[in-house]
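Quick one: the structure is below, questions incoming.
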Amino acid sequence: MEITVTLITGRTAEQGVGKEIGKTSERYQRGVNYILLNPRDAERIGVEEGAAVEVSTLHGSTRVWCKLSEDIEAGMAFIPLGPWANRLFDPETHGTGIPSVKGVEAKIRRAEGEPPTLEELLKELKG
Amino acid sequence: MPVYRSVVCPFCGCLCDDLEITVEDNRIVKVRNGCAISTSKFLHHHENRVENPLIDGKPVALEEAVKEAAEILKSARRPLIYGLSSTECGAIAKAIELAELIGGVVDNTASVCHGPTILALQTLGESKCTLGTVRNRADLIIYWGCNPLEAHIRHLTRYSAMARGLYTSGGRKDRYVVAVDVRETRMKRVADLFLKVNPGGDYELLSALRAVVRGYGLDVDEVSGVPRDVILELAERMKKSRFGAIFFGLGLTQSEGRHMNIEAAIGLVADLNHHTKFVLIPMRGHYNVAGANTVTTWQTGYPYAVDFSRGYPRYNPGEYTAVDLLARGEADAALIIASDPAAHLPYKAARRLAEIPTIVLDPKRSMTSMISRVVIPTAAAGIEAEGTAYRMDGIPIRLKKLMEPPEGVLPDAEVLSLIIEEVMR
Amino acid sequence: MNLIIKGGYVYDPINKVNGEKMDIYIKDGKIVEELPEHKAKVIDASGMVVMPGGVDLHSHIAGSKINLGRLLRPEDHRKDPVPRTRVTRAGVGYSCPSTYIAGYRYAQMGYTTVMEPAMPPLGARHVHEELNDTPIVDKSAYPLFGNNYFVLKYVREGDLEMLKAFIAWLMRATRGYAIKIVNPGGVESWKWGKNVDGLDDTVEGFDVTPRQIITSLARANEELGLPHTIHLHCNNLGVPGNYQTTLETMRAVEDVKPKEGRENTLHIVHCQFNALAGDSWATLRSGAPEIAKYVNSHRHVTLDLGQVIFTDTTTMTGDGPWQFRLYNLTGNKWVNSDVEMEAGAGVVPYTFRKKNPVNAIQWAIGLELALLIYDPWRVYMTTDHPNGGPFTFYPKVIAWLMSRKARTDTMLEIHRAAMRKTTLADIYREYDFYEIAITTRAAPAKVLGLGEKGHLGPGADGDVAIYDINPTEWRPSMYREVEKAFSRAKYTIKGGEIVVVDGEVVSTPLGKTYWVDVEIPEDLEGELMKDLEEGFRNYYTISLSNYPVEDAYLPVQRRVEVVGWR
Amino acid sequence: MMELRLKPKVSGLSIPLEAEVISPDVIAGKTLREVEELRVYHGNRAERLGEYFEVEGEVAAEPGEQLIVVEGDVSWVKYIGAGMTAGKVVVKGDAGMHLGSKMSGGEIIVEGSVGDWAGAEMTGGLIRIGGDAGDLLGAAYRGSPEGMRGGCIFVEGSAGYETGTGMRRGLIVIGGDAAPFTGAHMNGGVIFILGRAAKRLGAQMKGNGSLIICLGEVEELLPTFVYDTTYTPTFMRIYLKTLSEKLGIKRAEEYIGRPFRRYRGDRAVGGDGEILVVERG
Amino acid sequence: MEMMRVNGVEVEDTFAEAFRMWGCRVIITAKNQKWADTAAMEMTGFATSVIMCDCEAGIERRLSEDETPDGRPGTAVIVFAHSKKTLIEPLVRRIGQCVLTCPTTAVYNGIPEEEADAMLDIGKRLRFFGDGYQVKMRLGDGWLRRRRFWRIPVMEGEFLIEEILGAKKGVGGGNFIIMGVDEDSTLEAAERAVEAIHRVPGVITPFPGGLCRSGSKVGSRYPFLRASTNTPFCPAIKHTYPESQVPEGVNSIIEVVLNGLDEASVRRAMAEGIRAAVEVEGVKRITAVNFGGKLGKYQIYLRDCLGGEVS
């Protein structure tokens, strides 16, 4: 089962706190490697709080942990800015220098494995 | 045990300057008045540090790292210097000088946050004020596409919704507060009116408000999910306020429409000035991203995305901006200062940083430092080094030096000076 | 390095030298009586004009306002890119030049001292940072007082002593040089979207009038004995009929007693914008003759021109309500920026067009002021850069002042309103080199109280401009030659160092920043600090202790000590 | 016309070449040797045109007589024909950014697609693009209130964001689809869209005869555009005939006599520009 | 008076005295020919002679769909007046009242800029009928020949008019006189002449059906009348009028008057007209009106028109 949502990114205070401890800190990683879903959406794809989900857009995909909250309405999802989220976005800036990172259409489903660790992301980035 | 008062917080664009920091044995042990992020920044500033200059991950002497960096930059045809929003102005000035010297491109992180704000300003201008003017006068405050509770934590109490001032001695109760966002954030609890706008629908909503403020009717039932009556009422409230302020954030700049969203907001505010006093203030993220734009502007005429390849400054976001240069595979070397693009830029751009020789100046380890050819640790500005930073509203404030940096670690500006010397040699 | 400038025609009005052929000696950066030739580099200036380095007392070159102008106008920069050279930095020019380019271009015209005339105190660091990136020239900045909360408070309370103390404190806190007043009361009212319409209107939220603000500040200024008078941008700028406000303003300070040793108590800035007669844009005419008549018979007023140049430029002033008006008149882009408790600013791009009757009249008014006021010691050439036009057009203004033919030739190209609604066509006066030296260096230096500037007598700073034009052969019909010569100095010498040769910058020393330091009596200071602490805590957004500008921002400074209380 | 041929020696440079010298104004009157020596910029290095192109053919005395044929894909070359006043440039492939920017006369034909800012701030002349155009086609450079002030751009394919931003005069014809914000800030000038028009069409357009004509589908109009009527304006016949006869867009004639829905706006700026949308079915 | 003979008809060797006039060609198109003609006829009504009209106007010819700018049927009208200045007002009034008001019409310039001696701001003045809602339409700025139009909202739809219309220094008052034995033959000859004249581009015949039966002469015995019928040519008084010029055997005379955008067209049109007229049985003589060369700038000799051809 797969759902399509509108994906929003942004900063959170927790991400800020973690970032200031350090990018390699666990608190930072925990602060950015999740997606916020409405419980009803989670139900539709059969995932619970803490499950791993696969998020994909036209431009790429990533795996993150799932967090549930009524703060986010069904049909939308929030993912904090960071190295997990950045794989989802189109680098095309349309003459502005800024890629579109808010309001992107994304598909979400239960993931096979766990989300990658920061080390794994790094390894992949280095190629 | 030295206690520093009126310390400036080098985290976000608020640049709160009332912190009290206690330093013991060259270690910060106590932070008063800081928000959660600020406290984390001060208390953990010594963690996850880059301990040594590195080349390909191996520790080297500073001179060697500087030499390697200069060599990389000198031989590059399209070097990119990027970051600069979390360091002090002296470093920014040096980065520009270096870019000019090597015929490179200098860009700062504004290009992926409030770059659109600047593009819009360059088309229409802006009506703004310093935060104190909002504190003292605003009886209507609108937060649009921004969430100070997460990103500018003390903004509400120090400068805006809750702050008491000259004509607002009642603080929060003297004001009407509106929040506009695509999802119900915690700001809903702060605001008198919360408008949920459809994602990507801000431009339409702002345009509609603008038309209504101009006295036109609205012949649709709703705009971007907001009912017509609500729009008419908000427009009326804006016109009737004595001093109105709109704060906006990345919810406008990074979503569909980008700079055009900001143009719509600027236009709305300009029109409102025919009825009352109204201002618009961007919520700048990094503590000195405003400084990066300010310094770059006075030195080159342009705020970001400045290309020196022809010997004189040229400006064109979308062409000389970091994301574009990297994603198109143009940049053939990069110098990243106080920023972590590998973690935040779209993957394709981040990937390019790993492919080319990249140099990083940062106090702390980051995704970028871990994929870079050369890493040079620097002193943390505002903690281990002083300098100027510009608040989100353009007010310059002096960052304090509270303690010595680790042995042999220099401030960004000094490392850049060394690289400049080496390049000129 | 020691220098001897040999054989030039020297114009040094302060020392009453009028075109005499003589040698100038510079040792360790200062002018000296004489020097042995073998110990100095000799510059052959024969057949050329030698003057003290130019002094501009009003040019927006640094700080948040001009930087907003720069930020606003990439299209302006694209017209004038400036590449890097071996000794100079790259940048952009035209109406909002980048800091480095501003410094170079002033030096290229033989100017060595430039004053930034509008510093919002809260943005003082910004001004100084930019001034530090403005090479070659010496400089200073005037903090804005006319709409400052504390000023309004003390004026309302009639407490001149506290006002003086506050002035002294703010000068030191901002490292400022003179009291700048912009649309007194109007900018404060603009924070509610309003303005004041004259000297006796009440300032919104304060029970004071512009008249009270101006006279109190003038009185305080003279009692403190600051080197410059108050530097006033009058109310009603840009409003047809405003010459009456200007005259009233001049009259308002008639009975202010000047500081010992000078006669003047008021400097009116860019007077052209405040010398409009008529009651609408349609009936606009020049009010310059009335203003000149008054100035000619009253010693207490000085003014500068704010000469209009026909070009695309960027207007910027601390006068927010005026800029809003201009925005509505033009439909061009508009920046407004209010500074809490203190000031405000606005920026609007503007093109002065030859065929626009209003612009043509404005152009003529500036020149009328310069030509109808007999005493060149009291009227100074400026364009209010970049408001009337970029400072790089100064040589053009010099040509207009020196040549009636230059004026007539321009008048024939522009809207005939310049001839019909002003007296310019009837004016035959032409400045000579001596008068040019007065209006562009000697007089501004004098009114600023800069004893070491504007002349070539022993003890003066070694700031010299040498222009390749022979004054004995020059005739007013050759105005293009004079324009050319003043555009690119043959040599500019700054503090004894050759910085420009043949119009090209060869060296870029960092000039010094002047600021005024007045010691405040202890008890008064204590009382003031109490007030300030309360005001800052309740109304400002930065701590009082983080407010004063640190020494780090003045790498080369010149403190001008003033004894304010005897 | 005298034909000068430029054959690319390299392909797909990652760092683009800046070659505003590929213009009849620069090339006319020079010898082949001198043409080879013309300065181009590769990153921060100034180099010879001859290093990147084989130069052959004939050089004309006057720009108006000069034809330059670029034989191959040069999507890595910026500023081709920028500022040209006369003559003709043909690119037999793709071209890079700023093609024909600020040109005032002559003709550029690109058989392939072009990068961003093609025809930016042009004042005259004709640009034909066989493929797609990037963003900001015929637009104003940042900060400038004036985009295209004359001339004609015809893109057979689609055009990107902010096409015709700040347009004052001239004609842009998009054979394919138009991206969002096409015709933003228009204050004069005409844009034809034959394919699908994305949203935010004509955002903040003022009056002065600004006109956007949609012959294809329209995604969504801004709420600040007001529908007036559906009618068959006579003037449309003239435009459609012009498209057919002068630009060879024969299918334009199919729309002669068809009714159009007329919208005026953008009310957000008090504008009275027009969007005319062909009535479907 | 010398005589020539054309097709056996006497042609006096005299000249038509014509004047410098400014002419402006207006192309009116409409949904169909009917409405183009209707507008054209309205517009050219009461425009026979500047003696008492504000201009002289006539329909030049019909235009087919492929001849008009908008591909609709059209009618070309030419309006003449004494000067550039006096031409503007009649054009504005007539287009404003007769074309703008007429359903489906549009107005285009009929004399391209390079052929015109002046361009008149007609559309530019008529645009005010749009009361601020008129729209400027620019075509071809910077790449084709620049043309500008105004689109004026009207109740029926939209009126389109070109901003400027070309005017030329033309010739007014070209004429010839047909003298026949009776009314029938004279009228028929005149009709045929007019038909022939209309085959020549750039020429109109401003009088009813192209014909002026009254003729005219300068002045009259009444001080309030500037002109009167051409009494010397009135057969009804041929023996009682002292200086009658009506030849024997002639009982009906009609003058054909034509204006043209240039002298050559007038000349050619006169020749075509005369040739057509002399084909008709009963035509006795052809002559032309002149004032001894005192009034007009142009003296168009019939001999020259006919190429000196005498048979």
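Order as written gives the chain letters A, B, C, D and E; numbering starts at 1 within each chain.
Please note the rule applied: a contact is a pair of C-beta atoms (placed from the backbone, for glycine too) under 8 Å apart; a residue touches a chain by one contact, two chains touch by 3 or more.
The model shown is predicted, which means the values in this text are computed figures rather than measured ones.
Participant: Among the other chains, which touch chain A and chain C together?
Facilitator: Per touch definition, common to chain A and chain C: B, D.
Participant: Using the contact definition given at the top, which chains are in touch with both chain B and chain E?
Facilitator: For chain B paired with chain E, the chains in contact with each are D, in label order.
Participant: Which chain's centre, taken as the mean of its Cα atoms, is farthest from the centre of chain A?
Facilitator: Measuring from the centre of chain A, the most distant chain centre belongs to E.
Participant: Across the interfaces B-C and C-D, which one involves more C-beta pairs in contact?
Facilitator: B-C
Participant: Of the chains shown, whose Cα mean is nearest the mean of all protein Cα atoms?
Facilitator: Centre-most chain by C-alpha means: D.
Participant: Calculate how many whole Å lie between the centre of chain D and the centre of chain E, each centre taken as the average of the chain's C-alpha atoms.
Facilitator: Here the centre of chain E sits 46 Å away from the centre of chain D.
Participant: Just curious, how far off is chain D from chain A if you go by their C-alpha centres, in Å?
Facilitator: Once rounded, the distance between the two centres reads 39 Å.
Participant: How far is the middle of chain B from the middle of chain D, if each middle is the mean of its Cα atoms, in Å?
Facilitator: About 35 Å, centre to centre.
Participant: With chain centres defined as C-alpha means, what is the inter-centre distance between chain A and chain B in Å?
Facilitator: From the centre of chain A to the centre of chain B is 22 Å.
Participant: Where in chain B do residues touch two or more other chains at once?
Facilitator: 119, 122-123, 256, 308, 310, 315, 317-319 - these are the residues of chain B that touch more than one other chain.
Participant: Touching at least two other chains at once: which residues of chain C meet that condition?
Facilitator: Counting only residues that touch two or more other chains, chain C contributes 72-74, 333.
Participant: Which residues belonging to chain E are in contact with no fewer than two other chains?
Facilitator: none
Participant: If you go through all the chains, which pairs of them touch?
Facilitator: A-B, A-D, B-C, B-D, C-D, D-E
Participant: Spell out the part of chain D that touches chain B in their complex, as residue ranges.
Facilitator: Checking each residue of chain D against chain B gives 14-16, 18, 41-45, 97, 116-117, 135-136, 141-143, 145, 180-181, 184-185, 200, 203-204, 222-224, 226, 266-270.
Participant: Taking the touch rule as given, give the residues of chain C at its contact with chain B in the complex, in rising order.
Facilitator: 62, 64, 67, 70-74, 77, 81-84, 89-92, 96-100, 122-126, 129-130, 133, 149, 190-193, 205, 324, 327, 333-341, 344, 347-348, 538-543, 545-546, 550, 552
Participant: Show me the residue ranges of chain D that touch chain C in the complex, using the header's touch definition.
Facilitator: Interface residues on the chain D side: 141-145.
Participant: Which residues of chain B touch chain D in the complex?
Facilitator: Against chain D, chain B makes touches at 76-79, 102-104, 119, 122-123, 203-204, 206-208, 210-211, 214, 216, 218-220, 223, 256-257, 260, 263-264, 267, 308-310, 315-319, 328-330, 332.
Participant: What residues of chain D sit close enough to touch chain A in their complex?
Facilitator: For chain D paired with chain A, touching residues are 116-117, 134-136, 160-162, 179.
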